[in-house]
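Both complexes shown next keep chain A, but they swap its partner, so chain B is in the first and chain C is in the second.
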Partner chain A sequence: MSRRQYDDNRISAPEMTITVTSMIIGVGILTLPRVLAGTTESSDGWISIALAGCFGMLLAFILGKYGVLLGNETFYDFIGKLITKPIAAGLMIVVMFYYAMYASYEVRAIANISKTYLFERTPSEAIGLTFLLIVCYAVSGSRIGIIRLNTLFLPFVVVLTMVVLFLSNTIIVWQELKPVFVTKPGPLLTGAQESGFTMLGFESILFYSTMMKRPKDAPKAAVFGVAIPVVLYMGIYLACVGIFSQAGLQEIGYPAIELAKEVKIPGEFFERMESVFFTIWIMTIFNSCTMAFDMAMHAGYSVFKKGKRIHWVILLAPIIYYIGMMPKNVIAFAKYGSFISYIGYGLIILLAILYPFAKRKVKRSWASGSTGGNA
Partner chain B sequence: MGKRIHGGKCLIAVCALTLLSGCWDRVEIDERGFVTGVAIDLVKKKGEEANEESSAQQFKGTYQIIVPAGLRSGGNESGGGGESYFNISASERSIMALTARLATKTSRTPYFEHLAIIVLSKDVVKGKSADLADLLDFFLRDNEMRRDVKVLITDGKASDIFNIKSQNEKYPLAYIESTLKNNFKSNYMLPPSRIGDIHEQILKDISFTIQKISHYEDGISLVGAALFGGDHAFVGFLSGEETQGLNFMRQQIKGGVVETQMDEQIVDFEVERAKSEIHAYPDGDSFRFVIKVRAEGALGKSIRNLDVAKLSTITAMEEAFAKKIEAVCYETITALQKEYNTDAIGLLSYLRQNHYRSWLKLKDNWDEGENLFSDAKIEVQAKVNIRRLGNINQSEGE
Partner chain C sequence: MFYRSGRRNSRHRYQQGKHKRQQNNDREAIPLVSSINANLDRIAGILKAPEDLVVRSFKIGVNRHACAIICIDGLVDKALIQNQVIDPLLHHFTEQQVDSANKIATLVVDEVLTSFDIGENETYEDSIGSLLSGDSVLLIEGLATAIIIGSSGWNSRSVEEPQTESIIRGPREGFVEDIRTNTSLIRRRLREPNLRLITYKLGERARRTVVMMYIEGIVHPDLVEEAKRRIESIEIDDVEGSGTIEQWMSDSFLSPFPLIANTERPDKVTGGLLQGRIGILVDGDPFALVLPITFSSNLQSPEDYYQNWLIATLTRIMRLGAAFLATFLPALYISLLEFHHGMIPSKLAFSIAGAREGVPFPAVVEAFIMEITLELLREAGIRLPKPIGQTIGIVGGLVIGEAAVSAGIVSPVMVIVVAVTAISSFSFPSYSFAISLRMVRFAIMIAAAFFGLYGIILSYIMINIHFVNLYSFGIPYSTPFAPLFWGDWKDIILRAPVEYLKDRPRMLQTRDSIRMKRK
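Then we have the complex of A and B:
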């Protein structure tokens, strides 16, 4: 343990945090400021983000605890003992489809946004396909490779967001943030729900905690993993309100990109900040998409225990592509997004409720010594 | 693995290369027409006036397109092919159709990424037929445009503005664009009006102002402001002095000169910094406002027989300038309250930010409905600080 090893297929707690953060940061935040401006008054949306963040952190903590219980077992084997195999298999297939849809959502989103901002005349089907092919390439390799990719990309995303926020400092009209605390609890909760949707992804802890050197650190890593996006989201949201004002923000399609468009680098030697912003943002969306694909494969594989990775890639990729291209327009697409989010939260809350039972069962099995739950 | 390169793999690689190098969005740079400015006028179509439909009214759009080859510096003008820009116009019923019509008239695809200025004539924004929001919709929606395109209103024909002689600059719009930013030298003009800000103000349903541009001799003049009401309708133009007062009250002063008389001679004060603070006090159903203006700067021009090295002289001057600023502000307030009934000072926004509950009650009756604004008591208190006296004490001995 004294020497740092990179080839042992194990990840440390900070890497786990980065993984969770990369999974969470995706396309959600690009539109979140607009949605919040539509539901909450003035700049009160940050309260919604904070509420959703706290709720997310609590759930992430509980799911992280599963990681402690799992040890080296796969999640399917573990849950199978808890709620009988057939039900567990059904659950895992739902999980597989959930992640497949998650990946398809990201593919479609990237196609939509790229078409809007970068390639006006390229069909979005072509953009989506190209993106998905690269994702396929990434998931065909080892899982640890995906984690390493996260560690490589995330710093760019965080630093870039910081730079954008820092530069926007000069064009923010602070007066626009006033008045504060004027939104009623109802809209705040609606806003929190919307913010919660953009924080989905922390449940990835269930699938990656088995790869950790010390699974005991999983809860902590998951909580930090949620905390980073919460802080970034609040920063982006407040900057957007300050620049566009609540009234303007409601009408802007992708406020976070528009924010990067507004930002000017002093000295005017570099224009079109949004091209850099968007390119780097594609990297984090790529990460989310890759991990979602990976987890869909993992969930499927753990049930059927058949086939190589490449077979699963070939099986799932067309499904992901097809369902991603189904929504007819942006409104149908937004509905599709909420649908996925409801499934996600349904699964997460179900697992969180199951946790006390799982814990009791594991304790009992430890006491009897029948199964080696934890090494 | 072996070092031999497989023929099959090679073939696949070559195929991939041909497939991957395509690009749907390719437009060569020399085929692009960089639109830098759009001027929109209203034209009435003759001959079709029998039609009672409003289709008789059309927008005439004039686009200024840059020819990058003409911008090359150093090239001699006779050989280089001449002008660095050309104007092209078309008439249509909507702005989008206008752009499409334009594409049929020029060899260069109109490209709006570098659009800097939109000039609207007074007639376009005056009638009910063309809501300002409707007009700007295309420029806000299209993702080639940026939210810091500047909007200007002119009292004459908008297309004339594009035909001015460019002084010192390569093409007329570059001249206008750099003139726009001169509000640190003159406080008779507004700061540039960004289309993004106008969009926000339209959405908030509050009154606002847009920079005014007018044809002046060979060039242009940016003195004054175009005033828009809460329903986004054009209300009128503010004069240079009224704009100055507005700038002081809205804390938009970046520089400029305040002129007043002392002992029947003119003295100038160069403003370097000005702050304004609004205070609101409940007054029945409405509010009473106190606007505190504080200006700092240097003495620009003194007069004979006045020893500026004396403290008492300075104080007297400061008071004279403060009185002048107050007078200018009151003039603006009177015009806004009585003549236009439009709250361009931003008092309603102030109430929203600081008296949210009261704002909820009176927002619909502010400068429309019951018109609480026109009856609101507004007091201006100005304070001037002369920090510097310039390089000399007196330019003329006694």
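Then we have the complex of A and C:
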């Protein structure tokens, strides 16, 4: 007789991988092929994606390592011991605003893209508001529920991307992918930086690794979580170059969605695949947005330790909505996106640098703890 | 704890109830006295001597010892009382000399009565309780104890084919109103010594028999504890039927989705018990409850296991598709017509536009008119006597559909959409699940009317948010998709060949997870 038990509030390594992947895949990839076409030559953008992916995996690995150190503490309590409470509190408030902005970016992106592909007359404020309300409904539930939503939605998105890539197989002009390796290192690195922005989200491992059954698996799960988007991104990018050519790609607003437009569905059951593609894609954008909102709440709550979830939802939702609607046009919005990404990478790199110190400190406390026990 | 309580305040309520019941007991728990006349008067007095209370007094033995048998007419098997109680009593003591009442009582129980269901009790409340359950009470002069003879026998429906869950292949037996017959239907399928039947008398006034069943050694003990706690917390004058118990025990009353399954089929209950679930039978109700369930349980039918696995798998995929259509089809129609004309292939778009020519309403209104008409027809079909019910189907389906089209109120395409939706919603094994989807369908239609495809996907997301936060006795409703249980996928959409279904569902955390010996 075997006895299997699972704790209700714990997540397994595959679920953590799915979480990281869902957090990463969002709005970024929809525009990435255009951005890459602007910086790199021919189809060399995939090198940039790969470089960014490797860098992301490295950072994800380091941040995943925190999972073991944290134990049952929240991230704030842990980092507070390392760099004193006030600095940690300041850091967490930055984290809170970072994630609030992240969520607001997603809300605004949904509004913008829906306006382009689904609606003609509905105002984008209304679109964004309904989306945010649904997100509020999700975050006022349980954290474990948010993780489970990822598990429910990600398969749709991955399968859909696979189907689109498979169907686009027939219309790709392979000639467009050549020549290869013609871009200089400089532009490649610029492209890698741009790709890196779309990889943001793997730092969610910091906040969710404490919920894992075995936090030891966190680094591995995070690395896999980054690897899946990297592969998908490369596929989408190459297909875009193959179909639109590098020159044409620069003119297309959301190449990944346009890719779906070009695809012909066998049987011609319905037309304009891009609407369906984006509709399904909303699920993963929703996941990213929900988790960002949740982490903003979590960061805020860990500092102030006051209020229920619903209070934080009510507090943050108007802020998110307001800053999301602030950028006046697409250019301002793109700038806003880069701004968030810089903050994100700043935080991530800071934490990655802190890791060796954190580890030494924890080791020392473990060592002193054990000797204390013996004496 | 994994199987956690759903309602925070139910413990409190339970304790309150206990207190109240205690008071009742104080009032009525009066011991019987040794005088037979006093006892008879008191019992008749409490019941206010109704017409169906039968008192048969007689004297036994050489010294004419007074005895009386009381029962309620209609609840008892009269032949049984006559042959197994009165007859032996009158003939056994003709020659014997017995003085003390205690001796008579011992003799009566040990040697005289031939019926096998015999008990004793000492209070008026218990005696009356037994009387009202169909037992007979034997009182003897000088004895402060009543002898209870199990003699219940009343008319009940014979076992028939279930009305709501027909299947092509498999047993045709369905539960009936009589709980003893129902437990026997389960026992006959499951000769398992570890099958536990826990009996409750629920309802302050109705005292209805409710039986909770589970197989010890399979089911998770915490689940049993939690189910018991919830059953015991029921505090109501009459539980009325399985429906009331279901609502009382559910984790959430805000959800439209069933969190406890109901079924008329003994084989479904048996299957559930063997999977590590709990079954609940209620006296007077041919529906049994099975708990806990998840979303996917609603798409499973017992027939899936009687068919070849390929057929069963195909049927399940079809049901999943039906669930999708029943929920989203009208909404998709609305959103395509109102927002995304471009998505319809051009030839089809032309024919739809042609068919809609002359229809004065937007697609939403059209869809609502037809859907509401259909719901009305469905409801009317249930209420009307059977022969007329069929007529309603014909009138509704053919006449109204045809007439509405030719009158130009709705387009023929809309009729097709509504018909397909209706057919899809009839194809689920679980009726209560079909009702939930009906409700959700209307909500999604409204969402689609406002936001098109965007509204549909947001409603889909909302349903999923609801699912992940919904629990049935501690098991997330979205199991085994999230949290992931790969092993259980063998029997969710796919129904793997019987040889491969080696384990019980892992999400139920059974104590004995192996169904088959591994070679």
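Keep in mind that, in the parts below, the second predicted complex is superposed on the first by the 362 of 375 C-alpha atoms of A that agree within 3 Å, B and C clash if a C-alpha of one lies under 4 Å from a C-alpha of the other, contacts with A are read in each partner's own complex, and residues count from 1 in each chain.
Simple rule for what comes next: a residue touches a chain if its C-beta (ideal position, glycine included) is under 8 Å from a C-beta of that chain, and two chains touch if they have at least 3 such contacts.
Bear in mind that the values here come from a model prediction, so they are computed numbers and not experimental data.
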**Request:** Compare chain B and chain C by how many residues of chain A each one touches, and report the one with more.
**Result:** C
**Request:** May I ask you to decide whether A:328 touches chain B, chain C, both, or neither, giving the answer as first, second, both or neither?
**Result:** neither
**Message:** Under the stated touch criterion, which partner chain does A:15 make contact with: chain B (first), chain C (second), both, or neither?
**Reply:** second
**Message:** Going by the contact rule set out at the top, does A:116 touch chain B (first), chain C (second), both, or neither?
**Reply:** first
**Item:** Contacts of A:148 with chain B and chain C, given as first, second, both or neither
**Value:** second
**Asked** Is A:270 in contact with chain B, with chain C, with both, or with neither (first, second, both, neither)?
**Response** second
**Message:** Tell me the contact category for A:138 with respect to chain B and chain C: first, second, both or neither.
**Reply:** second
**Request:** In the overlay, answer first, second, both or neither for which of chain B and chain C A:280 touches.
**Result:** second
**Message:** Applying the document's definition of touch, where does A:306 land relative to chain B and chain C: first, second, both, or neither?
**Reply:** neither
**Message:** Does any part of chain A touch chain B in one structure and chain C in the other, and if so which residues?
**Reply:** 118-119, 122
**Asked** What residues of chain C sit close enough to touch chain A in their complex?
**Response** 2, 4, 339-340, 342-346, 451-458, 461-462, 464-465, 467-469, 474, 476, 478, 481-484, 506, 509, 511-514
**Message:** Which stretch or stretches of chain B touch chain A in the complex?
**Reply:** 24-25, 143, 146-148, 196, 199-200, 203-204, 349, 352-354, 356
**Fill in**
Residue set of chain A touching chain B in the complex reads 42, 116-123, 126, 175, 178-179, 182, 244-245, 247-248, 250-251, 258, 261-262
**Message:** For the complex, give me every residue of chain A touching chain C.
**Reply:** 1-8, 11-12, 14-15, 114, 118-119, 122, 127, 130-131, 134, 137-138, 141-142, 144-153, 268-272, 275-276, 279-280, 282-283, 286
